[in-house]
Each structure stands twice: as C-alpha cells, then as structure tokens.
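Here it is, the structure in full.
For clarity, chains are labelled A, B, C, D, E and F in written order, and residue numbers in each chain start from 1.
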C-alpha cells in the first residue's frame, strides 16, 4: 500500500506527467524530468557541472546548475516554433551533478569531470552538460572519447583558444586550443560565432585563425544574420558527428548579465533561438551550456534565458539521436 | 478663501497643469490625469483592474495598476513621433480601480469587473484598462456589450485561446476563446502577434487556427517586420469597431521581466511602439494593457515600458475618439 | 553494472552522504535529504505546500517551497547550539509537494491538501510542512486528524483567528479560529506570540481572547524575553501532543522581507532560534513554516532565514519523535 | 445619475471605507486617506515635500513622498499596541505635495515650502510633512510661525546643527541651528537622540551642546533604553507645544538603507515604535518624517518602515489634537 | 630600497602593466590607467565630473564617475573590432575629478567645471569627461575655448536645446542651445541622433531645427541604420574639429536603466558601438559621456555598458590625436 | 607650472584634504587616504587581498577590497563615539592590493600573500588587510613573522580551526589551526566569539577547545553582552602583542548578507562597534577584515557595514601604534 505515491491526481489524470502540473510545484530537476543517479534506461542525460575553478575574473558559475534547473521548470513539452517534442523522441533524465571532490585543484577537478562523462558515455547516454565555467568543456570532451575529432559549433563572445594564463593552461579561456591539440575536435570543422570585446593582445585568438577555425566576429554575425551563419555551420559540420558548446556570454549582457566575462554588444535571444533551431540536421553527439553565474544575476534573467536555450539544445540533440537510431548508427 | 489650493504656482503659471510640474511631485494617477470616481465629463477613462486570480503560474499582477500609475508619471503631453496630443483631443481621467470585493472567487470577480465596465460604457466613456492578469479582458468585453462582434488586435506571447485548465475555463490563458464563443469578438477580424514559447500540447492554440484568427508567431513577426504586420492588422480591422489588448509578455523578457508567464525571444520596445503608432486609423473603442507583475520587476523596467506603451495606446484611442466625434458615429 | 551511480566519491568516501558534499552541488531537496514519493520508511517528512490562494494582499507564497529547499542546502548535519542531530535521530525525507490540482478554488484546494496529509498520517510519518500561505494550516490539521485537540505554539505577527473576509472564511487570516471551532486545537493550550501591526478593527482578534488563547503581543514578548515566553509555552503544552506553526512574518521584516503581510517591529532571528530551541521537550506531532514569498525576497534573506528556522523545527520534531519511540507512544 | 461612483461595494458595504478594501487597490494616497488640494475641513494634513536640494552626499529624497504614500497603504485603521484610532480622532487627509517651482535654488525653494505651510497653518490644519531632505524642517517651522519657540523631539543619526558647508547655511545638516537662531525652537527644550557616526570635526555639533540641547548619542540611547529616553523627552517638553522631527537615518541602515547619509549602528524599528508611542501626552503641533531616498532603497524596506513610523507619528499627533480640542486650546 | 613597490610580479613580468592583471585587483581608476593630479605628460585625460545639480527629474549622476571607473576595469588593451590600441597611441591617464566646491549653486558649479577644463586645455591634454548630468557639457566646452565653433556629434534621447525651465537656463535639457548661442558649437555642423520620447510642447526642440542642426529621431535612426547615420555624421563634420557628446539615455533603457530621464525605445549597444567605430576619421578634440546614474542602476548594466562605450570613444579620440600629431596640427 | 594640480580649491582651502570633499567625488581609495605603492613614510597601511581561492561554498570575496574601498569613502575623520582621530595619530595610506599572480593554485597564492606582508613588515608598517576569504589570515600572519606567538581576537561565526577538507588543509575554514600549529598565534591567548550555525561534525572545532582557545558561542555572547566579552578579551590579551581578525560573517546576515558562509542569528552592528571600541588598549600589531563578497551583496549593506567596521579597527590600531611609539617599542 505504501508503494502508492502520497499524491495521485484525482481529477486530471494527465497531471501524472510532472510537466503538466503547475510550474511552481515539485522539486526543480532539469525540465522537471525524472532524476537518475545511474542513468539506467536514459537516452539523453542533463548533467550539472558545478565547477568554476577555471575562471579568470568573476566566479559564481558553480551555482549555475541549480539556477538553470529552477528556471527550466518554466519549459513545457513541445517546441512551438519547430514542433519538436524532445521528451517524446528520447528518454530524458536529470543525472544529477558531476560534482567535484577536490575543488581546490584545477587539473584534479578536470579529471573527476572526465571520469563522470566517461561513465555517461559507457552507458550510451547522450550528454547535455550545464556548467560551470567553460573550462569544463575540455574534460567533457575527453570523457566522450570521440573516435575521430568532432565538429564544433561554438557560440561565445570569446574564442577560448588562449594559452597559459596566470599559471594555468586549463582555465576557461583555453579549452578549445587544448581540445584541438588533443585531437578531440577538428579545427577545420569548428565554427565560432559572436566573438567580440576588448583584448589584451591582438594575437589573442591566433590559434583559432592559424588552425583553420571559422571565426565569425559579432559584427559579421550581425551583418550576415543568423540564417546564413547557421547554413554555414551546417555545411561545415556535414554529416559527421559534432559537439555544440553554448557560452551564455555570447548573448548580449542585457539578456545574460549573470556571467563571468560579459561583453557588451552581443546576440539577442531571438537570434540565438532561431540560430539553434536552424542547426537541426547536424549530428550532435553531445552539448554543453556554460558560464551562467547566479550571484551576478539578481534579476534571474540569465537563468531564465539559459533555460530556454537549454530547451533548444535539447531539441536538436533529440532529433539527432532519433536520426542515429533510425540509421542504426552511433 | 479655503477654496483656493494650498499651492498655486507663482512664477510659472503653466505649472497649474500637473503634467508640466516636476515629474517626481504629486500623487501618482495615470499620466497625472485628474481622478474621478464618477466619470462625469470624462471621455477616455484609464482604469486599474487589480486582479490576478486567473493566473496559472506566477502571480502579482494585482499590483500592476499602482506600478503603472507611478511609471506613467514619466510621460509628458505630446507624442513626439506622431505629434498626437491625447490630452488635447480628449478629456482623460483616472477612474480609479475596478477593485474586487470577492477576490477568492474567479467567476464572481469577473462579474464585478463586468459590472464596472458596464457602468463605464453607460456613461459613454472609452475604457483603457490596466490589469491585472489577462483573464480580465473577458469581463471587460462583456461589460462593453458591443452591438456586433469587435475586431481584435492582440499583442501577446500566447494566443490565450485555451480551454479548461486546472478546474477553470476562465483563467488567463483562455479569455479570447470565451470571447469568440460569446460573440464579443469576431475571430475573422482577430489578429494575434508575437506568439511563441514552449507548449504542453501541439494543439494548444487550435481554437485560434480553427476559428479563423490570423496568428503571427514571433518568428514570422520578425521576418515580416512591424510595418507589414500593422498594415495587415489595419486591413483586417477595416472600418469596423475594434478592441486592442496588449499583454506585456509579448515584449521580450529583457523589456518586461515583471510578468507572470515570460517567454524569451520576443518583441522589442521600439518595434512595439512603432507597431502601435501604425495602427492609427483603426476605430478602437476600448483597450487594455495586462500582466504587469511588479513583484517580479525589481528593476522597474517593466512598469516603465508599460507606461510608455499605455501612452501609445492612449494616443490611438484618442484619435479614434476624435474621428468618431467628427463623424457623429459610435 | 548500470546500477552503480555515475559518481562515486573516490578520495573522500564520507562524501557519499550528500550533506557533506559542497553545498552548491546536487539537486535542492529539503536539507539535501533523500526524496520519496511514497514515504516508505520515512519517519519525518518535509513537505512543500505550494499554495497561496488564501492570501489577502501580496501573493507569491506558492513559490515558497522551492526557495526554502534551495536555502536549506546551506544547513549541515548537527545543531551546534544544542548538539541535536536530527538526521541521526530520525529518517528524514523530502516527500515532494502537496501540489494542487485545482488552484482556482479555495475550499477544493484545501480538500486536496487535507487528503495529502491524511495519507502522510496513515503512513505514520511526522509532517513538517513548508507553505504556502497560512491558510494551509487548517487542512493540514484536518489531515492529521488528532484524536484530541492539539496544543498549539503559534509564532506570528497576526493571531489569524479572524472571520469572514472578502467572501471567505478560509483565508490566511482565519485558520486557527476554524481549527478551534472544529476541535483540532485546544484554545486553552494555544499560545500566540509576536502579535503586532495596525488593525482594521479593535476586535480583530477577539476570538483568541474570548476562547482563552494566550496572546503575547510583540511588546510583551520583548519585555519578557524569549526564555520566559518559551517557559510559558512549555508549561501550557504540558505533556500533551502539540502542533507548531511558524509564520515567517513573525520575524521583523529586515529578517523576512519576502512575505505577504509584513509588520515592522518584530522578532530577531537569534530570538526566534533560541525560543525554538527552548521548546525542546514539548511533544510536537507536526509543524509548519509558512508565508515565505520569494517574489518579495530579491535578496534571498527570507529564504535563508526560513531554512535555518526549518532546521530548528526539525530538531524539536526529531527529539519529540525520539521520546515517543522510547515511550512506545504516539 | 452620473454622480454615483462607478464602483459601489454591493456585498460588503463596509468597503466604502477605502482602508478596508484590499490594500493593493486604489490610488496610493497617504494611508489611503482622501485627497484635498484646499484642506477644507481637514484637521491633520499629510503633506509631501519632494525636495532634496539641501543634500550633501546622496540625493533621491525628492522621490520620498511617492514611495511613502505607496508603503503607507499597508497601514490599517487602528494602532493595535495603543488602541489609538487616528482616523476616528481627526479628519485626516492627503494634502498633496508642497512641490517646488524653482528646484535649482535652495533659498527660493525654502521660501516656497514656507509659503505652503503658512497656508496650512492659516487653515488651522496640523501638518505632518513627509520629505524630502532634512533641510525642509526649517521652512516648515518658519511657516508654522509659532508664537513662542517650540520644544523639539529630534530622532536622527546627526544633530543637524552644523554651519556653513560647501557654500550654504541651509543644507540638510544645519536646519536646527538656524531654527534655534531664528527663535523657532527652544534649545533648552530640544532633545536629539540616536546621534552617531564618524565626523570631520570633533566640534561638529558644538552648537547643540553650547545652546543647551540634550544630546543622546546612540550608545547612551542603547544603555538607557527607549523607555527612559522617552520619559526624559516628555519631561523636557512638559505641557508646552512641541514639534517632532524623525529622520529615517536614525534607524539602523538595515531598517533604512534608502537614505542619504546612513550611519551603521542605529535604532531598531521596535525601539523606534515604542519610543514614539511613549511620547503620547506631549502637545505636538506638527511633525515631519524625512530623508527617505527611494533610489537607494531597491528592497523597499525603508519605505515600508517609514510608513509604519508615519502611522505612529499620526497617532501621537491625533491624540494631541484631541486634547487641544478638549481643552479649547491651540 | 623602499622605492621598490611592495608587489613586483615575479613569474609574469608582463603583469607590471596593470591592465594585464586580474581585473578584480587594484584600485579602480578609469581603464586602470595611471592617476595624475597635474596631468604632466598626459595626452588624453579621462576626467570625472561628479555633478548633477542640473537635473530636472531623477538625480544620482554625481555618483557616475565612480561607477564608470569600476566598470571600466573590465576593459582590456585593444579594440578587437578595429584593432585600435589607444594606450599605445596616446599617454592616457585618469586625471581625477573636476569636483565642485559649491554644489548648491548651479552657475557657480559650472564656473568651477569651466576652470578645470581650461586648465586641461592649457596643458594641451585632450579631455574625455565622464559625468555627471548633461549640463556639464556647456562649461566643458567653455573651458575648451575653441578658436572656432566646433562640430558636434550628439548621441541622446533628447536634443537638449531647450530654454528656461524651473528657474534656470542652464539645466541638463539646454546645454547645446547655450553652446550654440555662445559660439562654442556650430549648429550647421551639429548632428543629434536617437531623439525620442513624449514632450510637453511640440516646439520643444525648435531651436535645433531653426538653427540648422541635423536631427535624427529614433525612428529615422532605425530606418537608416547606424552605417548611414555615421556616414552622414562624418560628412557633416568634414575635416574640422569636432566634439562628441554621448548621453547614456540615447541607449534603450534595457541597456541603460540607470539614468535620469530614460525614454523607452532606443538604440542597442551593438548599434551604438558600431556607430562610434564608424566615426573614426573625425577630428574629435574632446568628448564626454554623461547621465549614468548609479542609484537607478542596481543591476550595474548601465555602468558596464558605459565602460564599453567610453572605450570606443577613447579609441576615436586616440586616432584623432595620432593624426593631429602626424600632421603637426592641433 | 604643470606641477600644480588641475583642481585647487579656491573658496574652501580646507578641501585640500580629500576627506572633507563631497564624499561622492574622487577615486575610491580606502578612507580616501593617499595611495602608495612603496609604503614610504607610511605607518598604517590598508591593503586589499583580492583572493577567494580558499572558499568552500560561495565565492566572490576577491571583489571585496574594491567594494570596501568604495564604501569606506563614507567615513569621515574622527570617531565620534571615542574621539579617536586615526589620521592624526598615524600616517595612513592605501597600499594597493596584494594581488595574486597565480590565482589557480592555493598554496602558491598563499606564498605570494606572505611575501607581500613580509615586505610590509620589513618597512615597519602596521598592516590592516581587507580580504578576500579567511584563508588569507594564515599567510598574513606568516608574513608578519612575529617573534613570539601573538594573541588573537577572532570575531566570526566559525572557529576556522578545521582540518583537511576537499583536498586542502589551507581552505578558509582552517587558518587558525595552522597558525597555532606554526606558532604564529598562542591558543591560550586566543578568543573566538560569535560562533554558531549547524555543523557537519560535533567535533568540528575540537582543535579550538583542545588547544585552550576561549570559544564564546553566539548564545553566550548574547547572554554576557559585548562589554563583558570585551573585558575578557582585554584580560586575555594582556600587555602582549595581538592580532585582530574580523570575519564579516560574525555579523547577523541582515547586516552582512554579502558573505560566503552566512549563519543566521548573529551579532548586530552596534554590538560589534561597541565591542571593538572596548578593545582599545590591546597592543594590536596587525588586523584583517575578511569575507565581504560583493556578488552576494546587491544592496551594498555588507560593504557599508564593512567600511564602518574597518574604521573601528583602524582606530584601535592607531592608538596601539601611538602607545608603542610613546613607549619606544615595536
């Protein structure tokens, strides 16, 4: 008898589905999806990575996963613009946090993150990570152990292909240089967009240019428009597997004040949403959303927009998964 | 002798007009217009409707009228973009609030609102209501008792043509379905724009489509631009009487964070202002501005933008009134 | 193999206990306790009641359970002041929310809440509810179905023993009149403290006085001090079963700005904490913490203090449970 | 027929009294009292003085009257602690603002304020002013034209008996030196309490000491307690007429962050309320509440506390008026 | 030996340059540039003007310089979009504040500001002023004593060519009328853009039109786009010397809520940045950024955007200086 | 000629002293004291330590020094309560920041801090450090190289005598265990007060008790009162040299919400100020104020209170220095 839930909807049986209940009710898991510590039966796992030990200025991204969980409870079941219903296409769960046992040590923390995502991969789950600072993309990619370098769609105000800074090569301004050097991503199939802001060296992002990445500064993004940039991204990715990384600071700071390294003059939410929808068709095998810093977000706008972006990413991940299942590939 | 005001401007007689005084001074009525409890001699009445009992998620719109009153004191006498001076064209007053005696009971509260607006109509006053949640549009339209179904220009992130939800058919996601069913509005002369966000059912707004409303999703609005959408709205309204309903959540949340159901990726203020100005010529016989929720608006931006929008609506109401007077119609 | 969690602490096995992990990590359940939908094996259940349909002025308490969950993650295992370790004394779980299917209808909502707590009682779980507005105390007490009227320790700025107001006898200013009338609490064993603020009728709380409740206005509380008031409360409760209801607005608004009916000039946190600790020994069989309204709490202080108060309440509930187990009673 | 209000309460006739309606409804006048521009029939007039041209550091007190009006709508009809019902004892109205035609000129602005309060006095209305910065107390006292120097109860963090500073003798740090020099107040019947903070000269408040004012530093206030200080104030005022001036910065900044010159380590709300209540019996003929600066009060706590303090002041003004009427004096 | 700094970077000698250090470290001077009280050897001086005595509604711009200093520490050495490195092109210093001895007297304060900028000019330093309210532009221009009227690029929501208001001809809505009348600027070489908002007189900005200034309302700015407007500005300025004045309220209030006279529906950051970059080539001999009001900017967004705008202005000032040095002119 | 400052006060020569100028003007150094990179001629140096790499939960204290600098500009020259004028007693300067070259590495960062303070000591400057997290006290004490263990007055919510946690023995919960082990402080002459909050182990602060430190929990502090606690502290310190460490989280969170590890139920500002004043007479040879975390302090109250506390500490440091000079000791 005690196996029955304490609350069973009596009048509206549909409300057995948590996403149909009043949105202020229940614990805040990502999208109010079921929570799983083991990932058993899960196809797409949303995973918090509460780590900001790689930040060079304003910290706080360690509090990002909780805030995005809360904000994501505003999201409903279907994407009205595209018709995609990710929860129908895939078994989605909140896998909890890849939390860090040793937060004071950057490379050790990265090793812990890598191990978590290696487990996720071992269980054949597509990972959608929520940071945390951008340094986490490197251990995630390591954990995914791609058999060949992945294509990369990189939405950001910064190329994050810097080098040693203040005693580390693994801070949040350098992960994609490391990832390219380690063969995790293919610079020739990498596109970076939204890039802007002042720099301390004109050669700041030389690695991106020298290695053949396609870099689209904010000004060019505005001139081309989201449609053409998305077309270019799709063409560059082709049919091969790809990874999507979305730094919330790619958005203009009025849309995302709560972030570590804001750069005025960025992308609007509507542009970002439409850009992401237009990526549908790319074979994304994983993704992350990073740099939401709640202490700098007293209005909650950053988390709210992050929740909406996370849903768009979930949609393109779910259709990619659906295509892979149909094609028998992975 | 005590009939004289305690303060009479000595050096600047123009300051007898409250709108010319320092904007931080005086009580906060809508636009610092005179306050009237009876509506005697009033042509356009701005009316608060502090009710949010129809909300499905975040409440607080009951505090909307006060916040918009305060913010509207920033507005001056003339619309610089169009030259319209609504206070010269019409006798404008703040008619106070259609407050609710029985706030715990949704249909009873609606009956009270309807009675208030029936009084307003009986005194031949054009109503400009400030909510409150969007459920109030239904009793307002009932109170206006139009002799024939009205055209409707509906600015919103949601179609608000849903059905029974959580035990009610009269919540803030359904008023325009009810209004169409009751013959208060004409679906064929209804245009809804700014629609977006995730949905819990792909058939969420089927009523809009099935009944012949013109639905313009946010993406289409962005592609067409405000000018073409306004042209289409004007064409659809034609010469017949129409109602204007402006849900503040049609704006992007960076412009209107303080609302109950924000949906990232919306309309900008400049687009909204220009759209509203371009509606000039439509025979609007009433209007409302709804869903300003001050508890979620610590920055005050939502109220400020609402005040500016309210002024644009007042402008098109005042020219419509002026045309009706000239034509002897109504 | 997939039964293993994705993350197992390697270096610090103690961290298997969530409360020892970094406090910003993991989903936010109450006190990071395990979550149970059925209550199987649970001794003390912390339960959210996201309902604010009984509020007479400022709403928002429906968002209270989520905010208190988040804030309660700051709490650790032991009460340093008393040495009590509630998680060692009792099996504590987060039982999720007694959410409402029909939020638009006050008495129906109350019936749903009553049913939930009747289930809790049927499974022999001690309930610690987190509101939600104060109207929820009535259906909780109904659900607990005490065999005899309970003693009541009531911390609040208001006696909440009013009557019909704005069309309802069940709003958040009246639950304890109803509870006394229904025999759920014993007015002679009821103590109300922290009472203050302006009133619309000098007879506002006549029921409290007439029915024999011990009412301690704020001024008397300050003059007596928390120690003597707690002594009086313990004496009044005696050995009989009692219920504890803590309205966050009993605290001064600098400690709890985020509430629906703030009254300047209240109790400090340190006084409240020490008062609650001094209640140890009373046989509390249930408790609630109500009126946390996050939309009015942009600083988060209210939620943080609510988390700390909730821990103090959990401590006195856990020792009461321990005594009952030792005595074989319930 | 159009003489009838648009809204007449049907079910609850008591609601004809605005203070009994839902507190979020209606325009925000002080205490939701009737508004009068002439003061006809008014006995106690609450008056905004939106002027901050006398401020030496942080401005914004010009926005004070609006914010206190809004916050004062939380106040109900009776003082629960004392039983006083000021709205029954006196005809209370909101007289609008003593707004300034020439805000750029300090002495001219003061002349305008003086003229307004001279009108108030000429109509035999007891004035309760809401600032505005503390410099307004001087022109208010001038306008009151007391036949003999008044006693003064002065709650503040600063003595405000400074001299020339940055080109003016009439800034907000000097009004009571000027008032004493002009024979408006009697230094021997002046008590200043709550004084604290760093100073730029050890002789900063020499005038207070030299002229015989009773100065109670914060430390002494804390040691004596509010009761003894109030006793001393009552003894000093005796039976003669007195003025009460309450600078919100006398409160600790946690209770009143929104003020121009905050000084950590001040009085609590409960102490201030009880102190004011204990002044009952003094023959106050006027009062002001100053230095609420809304731009520095994003939480709204300062305005809320100011509203509660304003009510306590209204209470002691109303009993003083009542005694004068009974005694046929004034 | 004590001549050595207490801290000398040991591992990263580049960090001797403050702009390369962690951005949260060190005192907040403008751009972390060296501070100079005398201007010796300085080519471009950034100067705070903490004065808001000319404001007609919301004050607080006196706190602007400090807030912009703090926000400008986020700026790095090079402009990524244009490649300009202003700190390499010119010796840039923070010259401290043109603070006011007599803040209560508008014309006296203006005289003090004029004297400061006359000193700056006498030492052949190009001035970049940070207000303060817009009234400061007049005394700055007077201090610069141009040998012939300057061209003016004026970014603002208001033309600021009003006349007497509330007792002054020198408030923040009139500086450019005065400047034209005094021969400091050439109306025929003046362009004003971003103009919008309601007005109290349709003739509000008649002086701009009558004197031949090019006025671009917001609507026209949006239709033309930033590129064409910048082309027009460059053509109008020609080869002659010009002044740049940037009122932060030209931006939409979502980008700049913290300002005294916000007008919804303005320019976005990206548009403003690109417009300013496209002005490169104009011979700017001075500039100001005004109307940042921190008390109305709790989010800090206004200051952050102001810091980014200030950097764009510094860039065009530095290339103009470089060209003048190359040409031997000034 | 260019040696003259650009601004010399003409009418008020006293204003040459920055602390007498309007408090919103000028760059924000600590107390508006002169800035020195070398410390030449300085007797008391206020030093920022922008480091938070030792934090176990909420970060942000790296932004503390800037925020306290800004808030300290509200402080004037003399302590009104005690008459102490620290700027007359000692040459006080802002020595800038002990910033970190290698922020990603905890022990390396500590080494850099130690080196900075060793330089300070070598130049015979008394150090007053502003953190930063509490882990910095250890390297500061190491840098001070006391010839014998120092007495310690420790104001805090936590004893900070923990051990290894999450991979480090040098985090912000352990510095005083390390300091005692290294002979930097004398546990028998250590007093810790304000201690409270929940703990994860009942033995959490066993080291404090076992080593003979005098630990005063919050409850005992409240019962004894600040006077007796200060007497005890003075007695314990005796005539020997001592260090003062003030963790802002010792204050109740309403006074200091902006901190990393808030614990409800703490000390009030007035109590803290009076306690510090009563320490006068102790031979303090150095001090720190730590754990101000601006990202969690949107109201600015924490920084404001920190500025006031810093002034009290400066006062007791300056009289101690004065006594040492008189006695020829150091």
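One rule holds for everything that comes next: a residue touches a chain if its C-beta (ideal position, glycine included) is under 8 Å from a C-beta of that chain, and two chains touch if they have at least 3 such contacts.
Note that the structure is predicted; figures quoted are calculated from it, not measured.
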Enumerate, in label order, the chains that touch chain A and chain E alike.
B, F
Taking all residue numbers at the chain C to chain F contact, is the shared part over half or under half, that is, same or different?
different
Relative orientation of copies chain D and chain E, as a Cα rotation angle in degrees, nearest 5:
180
Higher-contact pair (C-beta pairs counted), A-F versus B-D:
B-D
Let me spell it out: compute each chain's centre from its C-alpha atoms, then which one is farthest from chain F's centre?
B
Expressed in whole Å, how far the mean CA point of chain C lies from that of chain D is 39
If you average the Cα atoms of chain A and of chain D to get two centres, how far apart are those centres in Å?
55
Multi-chain touching residues of chain E, meaning two or more other chains, are 11-12, 22, 24, 56, 58, 62-63, 100-103, 166-167, 254, 298-299
Which two-chain combinations touch?
A-B, A-C, A-E, A-F, B-C, B-D, B-E, C-D, C-F, D-E, D-F, E-F
Enumerate the contact residues on chain C facing chain D in the complex.
56-58, 166-167, 195-202, 204, 217-219, 222, 252-254, 257, 262-266, 298-299
Contacts from chain D onto chain E in the complex sit at residues 52-54, 56, 58-60, 62-63, 100-106, 108, 166-168, 171, 293, 295-296, 298
Per the contact definition, I'd like the list of chain F residues that touch chain E in the complex.
2-7, 9-12, 15, 21-22, 24-29, 35, 37-40, 48, 50, 62-63, 65-66, 69-70, 94-103, 112, 116, 119-120, 123, 298
Any idea which chain C residues touch chain F in the complex?
11-12, 19-20, 22-24, 74-81, 83, 85, 254-255, 268-270, 273-274, 298-301, 304-305, 308-309, 311
